[in-house]
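These are the structures, in structure tokens.
You will see chain A twice below: alongside chain B first, and alongside chain C after that.
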Partner chain A sequence: MDGEAQRSTASWENATLAPVDSLRSERAESPMPGLVEGTEPGAGQKSAMFVHAQSFEDLTAEGEDEREAELDKSGECADELKVLVGEKSVEEQHNIDVTSETRTKEEDVCSEAWRSHRKHVFVLSEAGKPIYSRYGTEEALSSTMGVMMALVSVVEADKNVIRSIHADGCKVVFLTKSPLVLVGVSRTSQTDKELLRELLYIYYQIVSLLTLTQLNHIFQHKQNFDLRRLLAGSEYLTDNLLHRLDRDPGLLLSAVTCLPLASSARDVVSSGLQAAKSESLVFSILLAGDRLVTLVRKKDQFLHHIDLHLVFNLVGSSSSFREGEGWTPICLPKFNTAGFFHAHISYLEPASQLCLILVSTDREDFFNMSDCKQRFLERLSKRSAYQALKEALKCPSYSVEQVAIPELRHFLYKSKSSGLYTSPEFPEVYQSDAEQERLMGLYQDLHSSLHHPSRPLRSFYRCGESENLLAWVTSGFELYLCFSPLGTKALALSAVNKLLKWIRKEEDRLFILSPLTY
Partner chain B sequence: MLMISPRMASGMQEKQYTPSLLNFFVYNPSFGQREGEEEKKILFYHPSDVEKNEKIRNVGLCEAIVQFTRTFCPTKPAKSLHTQKNRQFFFEAEDNFWIVMVVRNPMIEKPNKDGKPPTVEYQEEEILDTVYGAVVRQCYSMYKLFNGTFGRAMEAGGVELLIQKLEKFFYRYLQTLHLQSCDLLDVFGGISFFPLDKMTYLKIQSFVNRVEESLSLIKYTAFLYNDQLIWSGLEQDDMRILYKYLTTSLFPRHSEPELAGRDSPLRPEVAGNLLHYGRFLTGPTNLKDPEAKFRFPKIFVSTEDGYEELHLIVYKAMSAAACFMISASVELTRDFCEQLDGLVGPQLTLLASDICEQFTVNRRISGPEKEPQFKFIYFNHMNLAEKSTIHMRKTASVCLTSVHPDLMKILGDINCDFARVDEDEEIIVKAMTDYWVVGKKSDQRELYVILNQKNANLIEVNEEVKRLCATQFNNIFFLD
Partner chain C sequence: MSAMRVDAKVVMLGKESVGKTSLVERYVHHRFLVGPYQNTIGAAFIAKPIQVGEKVITLGIWDTAGSERYEAMSRIYYRGARAAIVCYDMTDTSSFQRARFWVKELQNCEEHCKIYLCGTKSDVIEGDRSLRQIDYHDAQDFADEIGALLFETSSKTGNNVDELFQKVAEDYNTTAFQYMTPEETGVDLGQKKDSYFYSCCHNN
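Then we have the complex of A and B:
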């Protein structure tokens, strides 16, 4: 059963590539198609920061010792629960300021308005108990969720696995990740695979709060446990993650975008983080809003993009970290589903967008981490690079006009080996939320066509009434271009070469070419 | 169907299984609503030897899926259920009458060492919903063509009669479903038209008029040559399903005698009738036989206020076939058949050789056929016209295509993309095998082209398709 679910989720991860540490010297002047992976624009020069193809399961071999240590430290599950409940007050603080207006819980679940939401997400336990619903209260939906569980069980009784139900303009997707069942109901044109990927993110979001070990432990002891008791106050994280999934290309591309910054300044910041190390420190991450400034990691330890997005989501969903130094347990499920890391989260300066996340293995390490941050800040504030960084914050993005390609409205470019992507800000024509989500929808369609599980494609060109789109995937990069409907095929073709040249020229600024380790 | 994969893994053979029919059933949830009477909901179940409780459970699951989906979209019913092992297709053919087809996903069986049972891997992304959804609807249309609606059987003889009719029809029909070779053409369900010059077309039209005038019993006529339609007096949707029956079932069953030599025992008795090659494909095989029965299959076609029942007479001379439809209330006699044979036989024989001659002349003008760089499928939703250079001649058992099945599925994927948006579009993709596939949708027309020019770029592909449109569809405007 579980093996099945694992397999279906592993397939989309295979789309990304394992880090490549060699071949960095052969960076072509003019990047052309057919580039070897690792030499495409944006590829890191020393070693990759993230792990892609390898999931947590692949890492266990190396990570075994640490995991055991982690487990030892965490001790009894009951103990963990107490820790978690203790943390609840922090979580609740977050809750106050976030998205109360978007959470339309008290909606009538029989109304047309409820039915017509673009995307519903439900989480339930294998006993059919509601855990989460995006719209409407779990109480009002308990019978609906009961039916969902019944459908899952009936198909399971036949030694089979339910995947999805399709009606015109609506589909229901099921993901069983014991001990949880996740169900998505969507009116978008997304494929089953894309919807499953989103459900998987939600699953990992829940695991990141509890660890899988604890989750299993709870349900083994009490099958009809009401998990909402433990998750109360954290629903906003899931709400926010769902919002991101509709809007953030990074989650679609399995990649992260960077704050544009001169490489000289970025290198100074990175080495600052590298110097502020500590025994238990595993990852130091500096964020500017939703953009990565730099990431320094312990040698041999990789961060999976899913884990990083969960961290982004945690930081981005809450303003309470602004009030001082935060200290919160977090499970990074792609790294290790069994134990908690402890994250020190703080902003460099009170009103700054720069947020520093120090991930430690030691629960008692708060003061140590606090000290690391101070050391980093002191060192950085003496350097001119800090000024450059603050300047860069003023223009965290760039307009597509800078690329100077006629009729080009927007694009996404992902360097596969570095796991980083770049994209300009939305142009005039896509200013409204609805328009931006529509454009994201188009990218999602292109993405799922190119990454079809059994019939992948090299390139996809679509010419419609509102825009012309071109998508292209090679072993080194993925590229998605959006042109005005006036753009021709000849133009699209020449735009690819022009754009790749431009990205090569700007890669020092747009990507992190020399990631560091401690 | 079992195919042995050419791939041999370390001396052990992998077995590859194509999609196959697991279950096919018809049920009505409003029957047998009392506890313990669930079996009454089931009107037909294939295979019939399935245990009663399993039938009830499978129907129950379908009911639950349909009901559950209504929570989210009350107006649009569930159409399919995907599971790891199979796909189920739901179709509410008439109020409360549901037809369900369960198709097993293709799978690969990998043998294990040490006598362990083989590992089975299901290929879950191979079946296209649009294709098999269309197959289920086609099953119903075919039932309706020969039996009328379910409601009609209910009125005439209650549930018992309906069950009988379903049994009788589907028992044979399901054996003719070849699920492994279904593709985009099933989605279109189109009609292939025979290209003809004006003169010959007028000749055929006047032939039809003459026959209808002389034999006033004839209500509708259809004329086909070489399995392609030339003239039809029926409504489009009726002709579409009749065409499907003729070309995939009736004609293939009768093609052998003509191919057989003059003295072959397969050749029907034409003694004393050397004036023409005409013969009945439905009804009596030999008019001279004193025992001959003058019974023809009955079909149901739509009228303004319902449907009417007709005798279907199919009469063929060489490659030309004429279908004559006569109200079922009239009893057909030997006299009538002899009259028809005498009138139609010689004329149809003559027409057939005229068309054949013209056809060969045209072929000669267009030059010797060399393997083109492209293959295409064209479909027009307005007149149901379809044209495919991908499909070889259809036979009763298989429909051969000349391209890789994965490419056919990419065509299906593009067709789904088109169906989602109601506007003119063009999609050009390059497959991993470096084939280019182009889809164009313009107004009511769809064109799909597969190009085998691996080193071409987007612009060259576009030029190639433009040339194709100019030569094959010179009067049709496609979005550039």
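Then we have the complex of A and C:
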């Protein structure tokens, strides 16, 4: 990451998109000084809640370490590749019906429909045993996975590592994380790095269910163990995570979004959680659907956004916690891959969207956690902040019209130092799932260009048929804007300043500015 | 909910997808959720007061996940339990094998835990008798052998569900005094290690 040294100077030299009037360290009315990390709109006042908040590079670097050798296998392996994917032109890939995404496990793996899925994900053991496939049953794919493992082994035999195969409008990306091998087959325009990042998420999802220690232990004792036995019933978590990776800007930006809430109300909620502490309690997280209301943590303990997304995925995928108070072991892989935390998961009220997650280190501590929840709820329900919170749930998002920038349709804004992002609801034109996924795809493209491993861009303006896009990254924030096709470049550039001012004005409500610790 | 005093710890055990959660849903919320199968993650705890004669007894029900992944954790759920409802799916032979496993586990680790054997999905069998895989008499013989009571239930129709939990509560009520205060009756050297420590399932 040579970017570190570069960044401090580059932020001044390259930030030519808008005039920088002055650099002030206090929170300025003009957001432009926000080019400096930690003063951008949405930056926390005290310390960040998350560890490695701007860790896109962090996240992917891990996969890179083990791959010193650059391999160009595309020619050599094209033949094997045909086993995996049919021949399809790039044009055709856009015609694939997204609505057919509904999982059909019994899908025929020899069919054209199976071959033409946009993104396949396979997980196998180092013995070549199937563990997970996004589409089709694992049994039917055992020979295909055998081929994948053979490819990995052949390259490994030469003391080398296989990274990816590019052929035929299709990328095959390999991630070997002993004792697992993950393979992604994609027809999207995402870069290898992006695909690798997604595979890493899947890997962490599996680790969060079992811990790495247990995984290693199992395969050391029995190399050809069928891991599906232990993962039984968790496939939908992986399915959902893959779905989120296509849809959720948070996973793309390595950030989390908050429920818009007056800071006074949020502070009351946070201090309520802070007061309901217990010896073994490490994190208290209050969620409203997919949005963070607040997070209180033990001093000096940080939660990684990946771990938080895994928790979001767990809670969001399952209705099981509505039944009563959930108590489940969970490994937070970015915190520690060796052990389990124990999470007390429950909704504040039966039909409420508000879900409280209390992460404890002690598996015997259920009733203590339950008591913490009770204390928090009693305290909260006495205050008007609870009413304000419930009101806020009714409008969990805002419309882009509030920003009052002509032709602006949608945007993503991430404050790097807090690891939080904000984004308005999708406007009319992006109401359908297919359109939302298309827009997310465009954002992903821009994101890839901004974070390109060898040629990262600082800004990117892109004129398209149905929208114009602008992406801009500084050391303080990351911004993606979507304009109608009528928008001009000049308009887009002037919009940045205006938008940042608006976010600065609303930051109390949109971000968590004063995170608390116990 | 949890601030409530819990009298008896009751644990639900059995193979995944036999319908432990549905059974609890039916009993606690009087409903049967139709939809795709959702497995329990870890375990869920529900406190439910129940009227027994003049008294109100609160059952603390632990609905555990059937998945093998959580097997190592199961001990914390059944430790100190006064009753275990071991479920099997009457249309699935392997689930009965699994029930035997749990019974054995309980007999080894929780001698004071009363076992209730519960066959689920009786509505499916009503619809088509040929689907029954576990003969009533076989199950009854097994229940007799281990000194358990057998209930065949349906969470969909509610058949026998209330009766099962009512019986659990009644049995607790009639036997409660026997184990009520182990501290006062002296230390039982034959007792399993630790079980005194966990005999009370809430530590307020």
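Everything that follows uses one rule, which is that the second predicted complex is superposed on the first by the 442 of 518 C-alpha atoms of A that agree within 3 Å, B and C clash if a C-alpha of one lies under 4 Å from a C-alpha of the other, contacts with A are read in each partner's own complex, and residues count from 1 in each chain.
We adopt the following convention: a contact is a pair of C-beta atoms (placed from the backbone, for glycine too) under 8 Å apart; a residue touches a chain by one contact, two chains touch by 3 or more.
Computed from a prediction, not measured in an experiment: that's the story for all the values here.
Once the two complexes are overlaid through chain A, chain B and chain C fit side by side, free of any clash as defined at the top of the document. When both complexes are overlaid on chain A, the residue A:Arg266 reaches neither chain B nor chain C.
With both structures placed on the common chain, the touch criterion links A:His451 to neither chain B nor chain C. By the document's definition of touching, neither partner reaches A:Arg297: not chain B, not chain C.
By the touch criterion defined above, A:Lys373 lies against chain C but remains apart from chain B after alignment on the C-alpha atoms of chain A.
For chain A, the partner touching the most residues, choosing from chain B and chain C, is B. When the two structures are aligned on the shared chain, A:Trp327 is found in touch with chain C, with no touch to chain B. Contacts of A:Val154 after superposition on the shared chain: chain B is touched, whereas chain C is not. For the pair chain B and chain C, the model built by superposing on chain A gives 30 Å as the shortest CA-CA distance.
No residue of chain A contacts both chain B in one complex and chain C in the other.
For chain A in complex with chain B, the touching residues are 4, 115, 120, 144, 147-148, 150-151, 154-155, 160-170, 172, 185, 189, 192, 445, 449, 452-465, 489-490, 492-493.
By the touch criterion stated above, chain B contacts chain A in their complex at residues 57, 60-61, 64-65, 68-69, 71-74, 76-86, 123-126, 129, 406, 409-410, 413, 417, 420-421, 423-432, 434, 457-459, 462, 479.
Contact residues on chain A toward chain C in their complex (touch as defined above): 209-210, 229-234, 314, 318-321, 323-329, 343, 363-364, 366-368, 370-371, 373-374.
Chain C contributes residues 1-3, 16-17, 21, 24-25, 28, 38-46, 61, 63, 65-70, 73, 76, 201-204 to its touches with chain A in the complex.
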